[in-house]
Amino acid sequence: MNAANERLHPGQVGWLLFALALVTLPHVERLPWWVTLLAVTLLIWRIYITWHALHMPPKWLLFVIAGGTIGGIYLHYGRLLGRDSGVTLLVVMLALKLLEMAALRDAMVLVFLCYFLVITNFLYSQTIPTALYLLLVVWVITATLIGFQFRQQQPGFRYQFRSAGMLLLQSVPLMLVLFVLFPRVSGPLWGMPQDALSGTTGLSDEMSPGSVSKLLTSDAVALRATFRSEVPRANQLYWRGPVMWDFDGYTWTASRLGNQLQREVQRSGNPIEYTVTVEPHSRRWLFALDLPARAPAPARLTGDFQILSPAPVSRRTRYDMVSHANWRDNAELQSFEKQRALALPARSNPRSAALAERMRKGVADDRAYAAAVLAMFSNQNFYYTTTPPLLGTNPVDEFLFSTKAGFCEHYASAFAVLMRAGGVPARVVTGYQGGEVNYVGAYLTVRQADAHAWTEVWFTNEGWVRVDPTAAVSPNRVESGIAAAAPQSESLPRQVRGEYEWLQRARMTWDSATNSWNQLVLEYTQERQFQLMERAGIDNATWQKLATIMFMLATAVTLVIGLIMLYRVRAQRPDPLVHAYNRFCAKLARHGVTRHPSEGPVAFSRRAGATRPDLRDLIETISAFYVQLRYGSSASATGAKELMAKVNAFPSA
Amino acid sequence: MHREQIDNVVKQISQVILGKERQIRLSVACLLARGHLLIEDIPGVGKTTLAHTLAAVLGLQFQRIQFTSDLLPADILGVSIYDRDSGKFRFHPGPIFSQVILADEVNRATPKTQSALLEAMEEHQVTAEGETRPLPEPFFVIATQNPSNQIGTFPLPESQLDRFLMRIELGYPDAGAERALLQGADRRDLLPKLTPALQPAELAAVQTAVRAVHVSSALLDYLQALVDYSRKSPDYVSGLSPRAALALLAAARAWALMEGRNQVLPEDLQAIVPGVVGHRLFVARDSTRINGAAVSENLIEAVPIP
Amino acid sequence: MLRPLGAPYRKVRGYFERWLFQLHGAQSGSIVLVQRRIFILPSRYGIMYIIALMLMLTGSINYNLSLGFVLTFLLGALGVNSILHTFRNLARLKISPGRVEPVFCGEHAHFTLVFDNPGTLVRYSVGLTRDGKHEIYIDVAANQSATARVAIPAERRGVLRPGRVTVFTRFPLGLCYAWAYADLDIRCTVYPRIEVATPPLPVPEAHHGNGIAHGSGQEDFAGLRSYSPGDSPRHIAWKAAARGQGLMTKQFSGRADTELWLDWLATPAALGTEARLSRLTRWVIDAHAASISFGLRIPGIALQPAPGDAQRERCLEALAMFDAGRTP
């Protein structure tokens, strides 16, 4: 019977279903509920068919189900060829294929689809746990594949798993060679589906009351930074993000284009050198400490010191940065800039405007005015909370005069409004403040929960100056981070709160591992590939060179593995006694007497002795000794060695 | 010690049967291994003389049964005859109740009679009229057989041949031996002059010594390789049976002892293979079977000593 | 294919294959599957696997999935490894011809191949095929041997040889197809087809050796006489003996000891050679089953009467090898 048409054992079907379930499991949370339900139903149906050895459902029924599902997916996602809809389609097709799977041929196709489905999981997550889980899944799939190949005896799943494990382990060296040396191409080959990057969290280009505090519950990492020298003090860790100029009374908005002007800045003090790895957030900002000295290519530095990448940050990006903690903005404020920095919508927040006018009149200059406002925040019972009351159409008024409880964005917004109303140019800057030093990996982790908003105001002769009104209310926020600032009762990510030391250590180790994973595995790009080559002494690496080295190394690795493997098919090493005797015979053969394989040792020694009378005594001694050891009744542990010694002493031809 | 005794036996026989030392040694080995012997050849080459001489030299009680087509089982085993005096049936033992039986021209008898003999050989006892009677110890059967293509014979079936430990062929004597034969006295006249070279107790001791000869696992490997080859090779009609393997081992032990060794060597096994294997292994694909010697040479050549 | 070029194409292809696959006709003795005897190519599934890997690689490049690269390369290395493993599954196997029982024409000849595994590795799913359609599989345990039986329909009387057998495996992943050709020198004797009808055995004849079938009357029961040594036991009147009349020998007209000759000339010439051989075959089987001593006479060969299995085989073999053209 031809192998391809061979029917499947229930055990084989069982393992395949198991592998399929494992590979689909991580997708379940992303699938529409009805697709999950359908897939589970089809799976159970298939188990039922196998269990009771029933017939497969008719083809037309499967077509109807397929057609209906495709329609449903189109309605749900609005497209068929996106990332999510594609994966959903694949899952559905796989489940339907199950009900068509009768022969080995179909099962093999399913196994390959399983492998393919593994890779779709990486579109969503490439963390260490995902990698480990999917490695396990690959193991199960490979074991299933091995199970399909038995034609006679089924040695059982233990054997399958052991072989699959061995096969995968033996594949690791070659995989490493290919991974390190396969010439990487940067950038997508074709356009990515539009939904490829949805679902990432991060700062937005708008800020309205409550928008930043949404990030507070997220322990997702925003960026990691490794400093060349010491990590700056916490109150200097202002990670500059979107700068917002425009206020409509409720929401602050960053301009999408960015300011094109180049500004003269006087930087002083030691430059801070560090490397940032920013997580993808689908926006164009690259974060840097106040104040960035330059932008990493191909990004550019705008007039308001944002770093804008030419395209949304769709993948983890790493760049070297230099910043200066002390700086002075010397340039003049252009009139259109001034106009923008003072603009307030008419009729919004009228009480705040009135308050600002009153307070500005009471002080001498802009700087004194700003100090007075900050003093107001700290003296009146303003209250820092991560769960502020909801605000209505005039949020600044409500905040300043009634609720008096808020989060950084409230303070920044209110402060900027008061400044503008008092005739001082002001803008809101959002970004991250602080971060956690990971002493295991010696780097700084900044999470989404560290999101922050502050203001910058323009003072004549001083230029733009950073003023953080939150610090006036809650100095802890800036000095020690959000956990110290927020009341204990409020919910924050566990990571942000203090904890047991061992737990913290474990968490930091894990984060450090994640960081290394990100740096070494996930961020292994063409650039790093060439760096590695340079370090290995290969200058001017081109992809041709890489490919050549890759092929050479891959061949070498395969040869070595092949030789090790083939060792096991060789005949077993003979008994040491026989080995010694064979050497003796080989020596005699060079003397001109060849032993026939079926010639007994005594007969041979007699013949050899007759041919070479000069050696007869030696030949007979050795033969008799061998005969006694091999066929005699007295066993001797050292006999083989003694025989070998005698054979070695036997004269060579 | 045993070696000298056995050499003496062989020497005595060789004085009667000229130029056939190898066959003589084989037949002595066969008897020492407590096996039965089949001598097959055309009439007149000295089959019966060899059997006679063997019995005489070993000093054993000897009976000759001439097999004819009218020989009945009872003629061999014995009959119960009604004894008028005692009013009971009394068993008159047949010629089989002796230590050495010469079954002359065994293939002349009917299969029924043949199987009566062969059963007795196998079981070392006779069951007649519901009573089981043991045969004497030692008990040897030396059967002679004419080549099967002669008319009016019932060649022993292959399954029965297996009961004989060895089969030997005498063949024509070489020129020197034949001249000596022609010049010398009648062989049969020499027989009464033979004196037993072994006492019954000595024979029993030698037989016990045969069983004590050491067999190493290396030798068993070789034996198994031989048997395995005969079973797998397409050259043979059917492979050697486990009984044949046991026969090889027993005969090899006897041979080793005759060679004065206390352990079996591959050479010993090779020496007895022609006798043991010749009537058990048949070359396939040929309508005329190769004689025993060629089959065994074939086998020995083909299997390397492990 | 190119129809007009069919024959030359086949010829060139034949040369090419003989050169590439080292086909040198049947080999006596056993064959050890050494490296140059084993060929390996991706199987149909292997090609599917390669395509799937290509898709995965493109996806990984496009989405810049580092783990996608890891997975693709791991699976690629797995594929390369499976070449080695599949090759290893055949390597160093020793194939020897096994025993073949003669068969009658119309039956299946069963050729036995003995696979010896000298290593410590179990060889699973080693396949055997002659025509590429029917496949049989065996497992060869470590340091042991296993036998595979290839059934081939015996369609013609005479000697049947299995010809070139392909030994192959896809183990362990089914991605590669490793194969070797084994052209062993094995023959199976195919006896003539047994005639379906059961014609009665010919009558025993009085004088052997004169080649003419005698008519009836020769075996007429003529009476009993007292037994004398040398009489065939088959002719003893056992029933009479049982009645206590002593041993009596049945006497037939003609010779006392008649013999059954199965003679070519006793079969009607109108049947044709094969049918005549079929009838003789039938007779040999029947005579053997009846435990009768019988002889066979066909042109060029005469086998003396004898009973038993050996005689049956001798006669059948002679019938199988009978060459009508060669005989006078």
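In order of appearance the chains are A, B and C, and numbering begins at 1 in each one.
Just so it is clear, contacts are C-beta pairs under 8 Å (C-beta built on N, C-alpha and C of every residue); 3 or more make two chains touch, one makes a residue touch a chain.
The shown structure was predicted, so the numbers you read here are calculated from the model rather than taken from an experiment.
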Item to check | Taking each chain's C-alpha mean as its centre, the one farthest from chain C | outcome: A
Item to check | Per-chain CA centroid nearest to the all-protein CA mean | outcome: C
Checklist outcome for this item: Separation of the C-alpha centres, chain A versus chain B, in whole Å, is 85
Checklist outcome for this item: Per the C-alpha means, the centres of chain B and chain C lie apart by a whole-Å value of 37
Next on the checklist: Counting only Cα atoms for the centres, state how far chain A is from chain C in Å.
Outcome noted: 63
Checklist entry - Can you list the chain A residues touching chain B in their complex? => result 575, 578, 596-603, 627, 630-633
Checklist entry - Which residues of chain C touch chain B in the complex? => result 96-100, 112, 114, 145, 147, 186-187, 189, 227, 229-233, 247, 257, 304, 306-310, 314, 317-318
Item to check | Interface residues, chain B side, partner chain A - complex | outcome: 214, 216, 218-219, 262-267, 270, 300-306
Checklist entry - Can you name the residues of chain C that touch chain A in the complex? => result 44-45, 48-49, 52, 55-56, 58-78, 80-82, 84-85, 88, 91-92, 118-122, 124-125, 127, 133-135, 137-139, 143, 170-174
Checklist outcome for this item: chain B contacts chain C in the complex at 68-70, 110, 112, 148-149, 151-152, 154-155, 157-158, 231-234, 236, 238-239, 284-285, 287
